Amino acid sequence: MKPIEILTQVLALLAALAAAPLFIGWINQCRAWLQNRSAPSLWLPYRNIRKLFDKDAVIAERASPLFRVAPYIVFGAMAVAAAIIPSMSTRLPFTAAADAIALVGLLATARVFLALAAMDIGTAFGTLGARREMMVGFLAEPALLMVIFVASLISATTALPAITENLATQHLGLYPSLAFTAIAFTMVLLAENARIPIDNPVTHLELTMIHEAMLLEYSARHLALMEWAAALKLFNYACIGFALFLPWGVSAAGDGPGALLASIPLLAAKLAVAGGALALIETVSAKLRVFRAPEFLAIAFLFAVLGLLVHLLLGA
Amino acid sequence: MQGGSWHFTFSAMRAAHLAPQWATLAFLLALFGFGAKAGLVPLHVWLPEAHPAAPSPVSALMSGVMLKTAVYGMLRVTFDLLGHPQWWWGLVPLAVGLFSALFGVVFAATQTDMKRLLAFSSVENVGIIFTGLGLAIVFLGVGMPALGALALIALLYHSLNHAFMKSLLFLGTGAVLHSTGERNLGRLGGLIHRMPWVAWLTLIGTLAMAGLPPLNGFVSEWLLLQSFLFAQDVPHTFINMLLPLGAAVVALAAALAAYVMVKFFGVIFLGQPREPSLNRAHDAGALERIGLIWLALACLALGLLPTYVIGALRTVVEQLNGARLPHANSPWWLLVPLPDRQASYSAPLFLVAIAAVVGATTLGVRLLYHRRVRRAPPWDCGFGALSARMQDTAEGFGQPIRHIFQPFFAMKRELPTPFDRAPRYRVTTADRIWLTLYLPLGSLVQRIADAFAWLQQGRIATYLLYSFVTLLVLLALVI
Amino acid sequence: MAGVPVVLQLLNLCAALLLLLSFAMLTQRRIVNLVNLLAVQGGVLLVATLLLAWRTGQHHLYVSAALTLALKVVLLPWILHRLIRRLGVEWDTEPLLNIAGTMLVGVLVVVFAFGLAQPISALASTATRNSIGIAVAVVLLSFVTMITRRKAMSQVVGFLSMENGLFFGAMSATYGMPMIIEFGVALDVLVAVLVLGIFFFQIREQFDSLDLHHLESLKESSSLEAARPLEEDS
Amino acid sequence: MEFLLLLASPLAGAVLLGFFGARRWAAELNAAMSLATFLAACALTARVIAQGQLLVAHEQFFIDPFNAFLVTLTAFVGLTTSLFSRPYMRVELEHGRVSAPRLRLYHSLYQLFMATMLIALTTNNMGLLWVAMEAATLSTVLLVTLYRTAASLEAGWKYFILCGVGIAQALFGTILLYFAAEKILGAAGVTALLWTHLNAVKGQLEPAVLSLAFVFLLVGYGTKVGLAPLHNWLPDAHAEGPTPISAVLSGLLLNVAIYAVVRCKVLVEGSLHSQLPSRMLMGFGLLSVVLAAFFLWRQRDVKRLFAYSSIEHMGIITFAFGMGGPVANFAALLHMTVHSLTKSAIFFAAGHAAQKAGSQLMENIRGLITLSPTIGWGLMMGSLAILGLPPFGVFASEFLILTTAMREQPWATPILLAALGVAFAAIFGRVQPMVFGETTARRLPHPPALLPVFAHLAIVLVLGLYVPPYLADWYRAAARLIGGG
């Protein structure tokens, strides 16, 4: 592989790491606007993370080493995931090592460790959070897999860059199957990233929280890593969405660094729009009861399967 | 099993070709027999009964060896003895396998006995393996040897993996059982502090069983999904419809397996000990450790070096039936199942990447910031003493699954009314198949046996009469 | 039967006698008489063997005649009588389920036997071919006897008369078996009776009676509460 | 020479033990004699492999591949059983269940029994075969009643009467056979009952007579095989006799009886050119399998349980021989071997278990695995083997039989499978708690002699994984000899 490719790879990774909190900040800002609140600073997430890093870590007495290792693993998994997803360029040498299925597996790994860490202390909230997280996960994961399957059935491969290039090079036709899966994907994204209507990222309302319940025992640098990882996760999902449904403007293998540079503002634009849309959804919809979550996800799963069938029926 | 006799007999059987309908019957019977041995739904019932009763090493052996023999026999019969399988034979193991996978994992999620839990997870894996078998038969039947070979390799790989992962988990539970005397998840917990060796080694098995990269469980599921995914140009439209749905079910089962494994590990090893006696638990002895360690290493190796394993399996598949996997000239670290499709996976690189990032992060945090840590009691929302009874029990953790997959279970519920003096909530779940299929069957057999019993009343005269009548009847036959 | 040599007429007479004796056994109540009947049967057998030997001039038949005399006429009845006396069951009788019915069954059995023997007799070259059917009948009749009897002793008598029938069959079909076999069979029968003797005493000391209804405890219908494995787990 | 030793050593043993059977070293003598027999058998086998079929004593005896392997098997199991019975009978003596004189009877009759079986196997003379079978019955009757309990007496009586009557039918069959043969081979009387000669001319034998003869022979020897509905003596005799005797009865005598049936079948089939004998065998086989499977379901006495399992397996073997043809015969022979090894091993283990628990009732036998792991494992392994779980040899043979049945007699396969399933549930469901359940038993004064058990199981295991070529050839030769199909 050429040095330029490795450079691209590293660049993509760093960009994701850097941009993730910003994306969160942007969403929060949009939401504030939509809710007529004065918006917090765009850089608040960065300050937050930095503050946390400076603090002394407080760890429960009963915590096992697993509890302390987990944040690093979760963060690492998310970072690697970011390296797989063709957000700016499809020329990512590392993607040979992990295709879309592996990506899903990677996200699952992060989730499992998160849940295990949450159970480690043995408090009511931790286990509650872990259970709910796994419940959401086991429905969201196959749905995501289905979404990816449709895309990879269209382009006969499970390698994300190949999918993106393929979809990008297709003449701009309307894929009803992709429409279905897009809806499914959005629902999965909401569920997986603890957004309304499944979970509410801003409150710590004990009976409803999922993600926050798992982080309850974390503090300082561990919490920082977890928050950052969460931001990365959201960013990754957004990028997966772009790779599957808005694949245009991603610099392909053929073209030079110019295209790569060109793809950066495009990505930023996509993110801006996506963030706004996300904020809008969160504003107009209300949180569901926890027992409703399975139904919500089952619908997502069914949409994905529908997309699949539609594709097989119409071949489009 | 390559004895003189086997050559002799198998060649003899191969020589004679069955009429299609008898071949079909033979295939179904073989599926029945070997399915029962492997624990395929609805022939699974003996598994969760046998495993808790047997000592852990035996359970390990049972789930390892017996599964092997069943798969071996199934493959032998299907591809070797019956010659050319019809493509639609495959649909049966496919359907049954998918159902078993889902059924097994759902039941595993609601178990409270750790060995029963593992037994049901075996049912799930058997289901996945037979799904692969069905897929292979379909592909080979419709003349897609490459995909067929891929599916075969996937199922062989998975049975290999399962032998190691499951043995590892069973030995882990054995160690726990041995040091605590507890099999009930409701009385375990927090053992990671008392028995770190067992805990961390079991964690590897847990992750592998959950099908997480870069461990071995993921590889075989990846291969299976790949063969599902590339099935789009099967000449029969309705299989085309059906196969991706199968993939969906496999994905669902895999995700649920992760759920089950989190419950398994979390409830046994994490949290607070649910019984004071657990504080006296001791870690595994040297021998136990060795056993666990080499199994864990095997899981790692199978996960990290799939290319070699597949190289070995490829030859097996070829000599089993001509179907050969096109040889991809890829480096040792890169797994490329089908060259013409761009899909590849490299566990080593994967591991390196994660390790590198995690290492870098740790290092970064350590260097840029500090490593000060303060220990404090966990946050109790000002409620006061947090007791071990406040954490999720095994039942509690399985509750969502029970809620979502209600139709799978035969549930008896006792719900408290608002006016109860001493409100109590109880729910007992049972295996529907057991109630609706086996109990009637059992009582039927019993009734037949009772009916036969009067034949034998101990009167020697009666017995003589039997002989006499037999004699007369036979004589009447010949003259 | 004009034209048939006297010897053969006598032989047929013996055959008829044997059949008659079997019926008598079938309906005889008293143990002692049963044993006597058995002895008589042996006697008739002896006569038949001698006649046959004399007629065909086969020497080995004389030997088997001697065997018959020694075993079936003298030894076995003597042993049985001794047993009866030692066991004190001289006056032992047993209830028979209705004699008429038994007789009827017996007649049917005889008919069946004759039908059975038809092809054999057709093929047989021996002078006594017609009595093969009777031999079969004797065998089957003693079978019926054993079925209907309730006393150990009478079952044994039935068993021995069955042996007689077999012997007669061998004789009338093929002028007897090769000598080794004859000896072997004779030996077996003798041993059998001895073993039975031991048995009787054991049974008696166990149940102080030779009634067979004591020997009906080992059966399947007893274990109704057998464990039901499948329901343990439900 | 070897042959002479083969028959002489058990006979001599019978006489010697008749005198010294009550001494302390009687058991050792018993074992020694059995060992001599076994060695003789091995030598004989070696010679048969080297020189092929051989006739001795004016053709009165002959050895061909078919009976050669049965002879070896019989001698081997006889040896291991004698080893097993040494500690076992000693315990019985201490429990006062047998007295010294009875022990003498036991040892002497044991050797006599072996002798009769060996004669029955090796004789060339159908008449002598009958004599030997009867003698085998007589010699075991008193062994079955060794304990002189009410139950054992009843069992012995039934055994005696039913088998005696049955055997009598066999004698009539033999007479008919002779009757038919004498037409062809002349009334010289010597050769007319020699199997080799009969086999040579079987084509010319009168079919009508032979079919009758076969019925009588089948009913006669079938009674000893324990084919339903002639089987009623079998469970009682197995359950009430001393365990070593149960082991040899079930492991050896049944084999010998089957051997006799098959010999007759070969002749009759050759003469009849019809499916009749095969059909009869298959019918009996199936009936036995089904009945036994359901009777298994109600057993409470461990030895009765495995007695019924013997009936079941005899049914399977008979069915296989009925199907005939190289593969089925091969499978049947293999099944005979593995069944007798496995079943005797099971009886050894079960005997020790019963001694430990002081009862043969299964609900009283619990938790062997904790009480005495060796016994527990022996019983468990044996049961798994007899249930036909791979990798044991029984799996191999049953697999072959079933696959052949699928091809030859598809209608029978579902019946067989259903019966096997019922048997599986019955046996597994009872053995499992016996081995792994909660325990209540007392210690055993003597360490159990489980070498035989594991030796047998090891062989069965090996046979399941790999049948050595020469053994396979040997079976094959026997299978060809039986022919049919």
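To keep things simple, chains are lettered A, B, C and D as they appear, and every chain counts its residues starting from 1.
Basically, a contact is a pair of C-beta atoms (placed from the backbone, for glycine too) under 8 Å apart; a residue touches a chain by one contact, two chains touch by 3 or more.
Remember, it's a predicted structure, so these values are computed and weren't measured experimentally.
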Chain-contact steps, minimal, separating chain D from chain A: 2
Using CA atom averages as chain centres, what separation in Å is found between chain A and chain C? 95
Separation of mean Cα positions, chain D and chain B [Å, integer]: 41
Once you find the CA centre of chain C and the CA centre of chain D, what distance in Å lies between them? 29
Centre-to-centre distance between chain C and chain B (centres being mean Cα positions), rounded to whole Å: 65
By residue number and range, which residues of chain D touch two or more other chains? 154, 157-158, 161, 165, 212, 295, 297-298, 425, 428
Would you please write down the residue numbers of chain A that are in contact with two or more other chains? none
Counting only residues that touch at least 2 other chains, which ones in chain C make the list? 116, 119, 143, 146, 155, 215-218, 220, 223-224, 226, 229-230
By the document's touch definition, which label belongs to this structure's chain graph: line, ring, star, complete, or other? other
Which two-chain combinations touch? A-B, B-C, B-D, C-D
Seen from chain B, its contact residues with chain C in the complex are 49, 430, 434-435, 438-439, 441-443, 445-446, 449-450, 452-461, 464-465, 467-468, 471-472, 475, 479
Tell me, which parts of chain C touch chain B in their complex? 112, 115-116, 119, 140, 143-144, 146-150, 155, 212-213, 215-224, 226, 228-231, 233-234
In the complex, go through chain A and note every residue touching chain B. 53-54, 56-62, 64, 66, 72-73, 75-77, 79-80, 83, 94, 96-99, 101-102, 105-106, 108-109, 111-112, 115-116, 119-124, 126-128, 130-132, 134-135, 137-139, 141-142, 145-146, 149, 152-153, 156-159, 162, 206, 216-217, 221, 225, 291, 294, 301, 304-305, 308-309, 312
Over in the complex, which chain D residues touch chain C? Could you list them? 125, 127-128, 130-131, 134-135, 138, 141-142, 145, 148-151, 153-158, 160-161, 164-165, 168, 171-172, 174-176, 178-180, 182-183, 187, 189-190, 192-193, 206, 208-209, 212, 235-236, 239-240, 295, 297-300, 362-363, 425-426, 428-430
What residues on chain D touch chain B, complex-wise? 154, 157-158, 161-162, 165-166, 169, 211-212, 214-216, 218-219, 223, 229-230, 232-233, 276, 280, 291, 294-295, 297-298, 326-327, 330-331, 334, 369, 389-391, 396, 399-400, 402-404, 406-407, 410, 413-414, 417, 421-422, 425, 428, 432-433, 436, 464-469, 471-473, 475-476
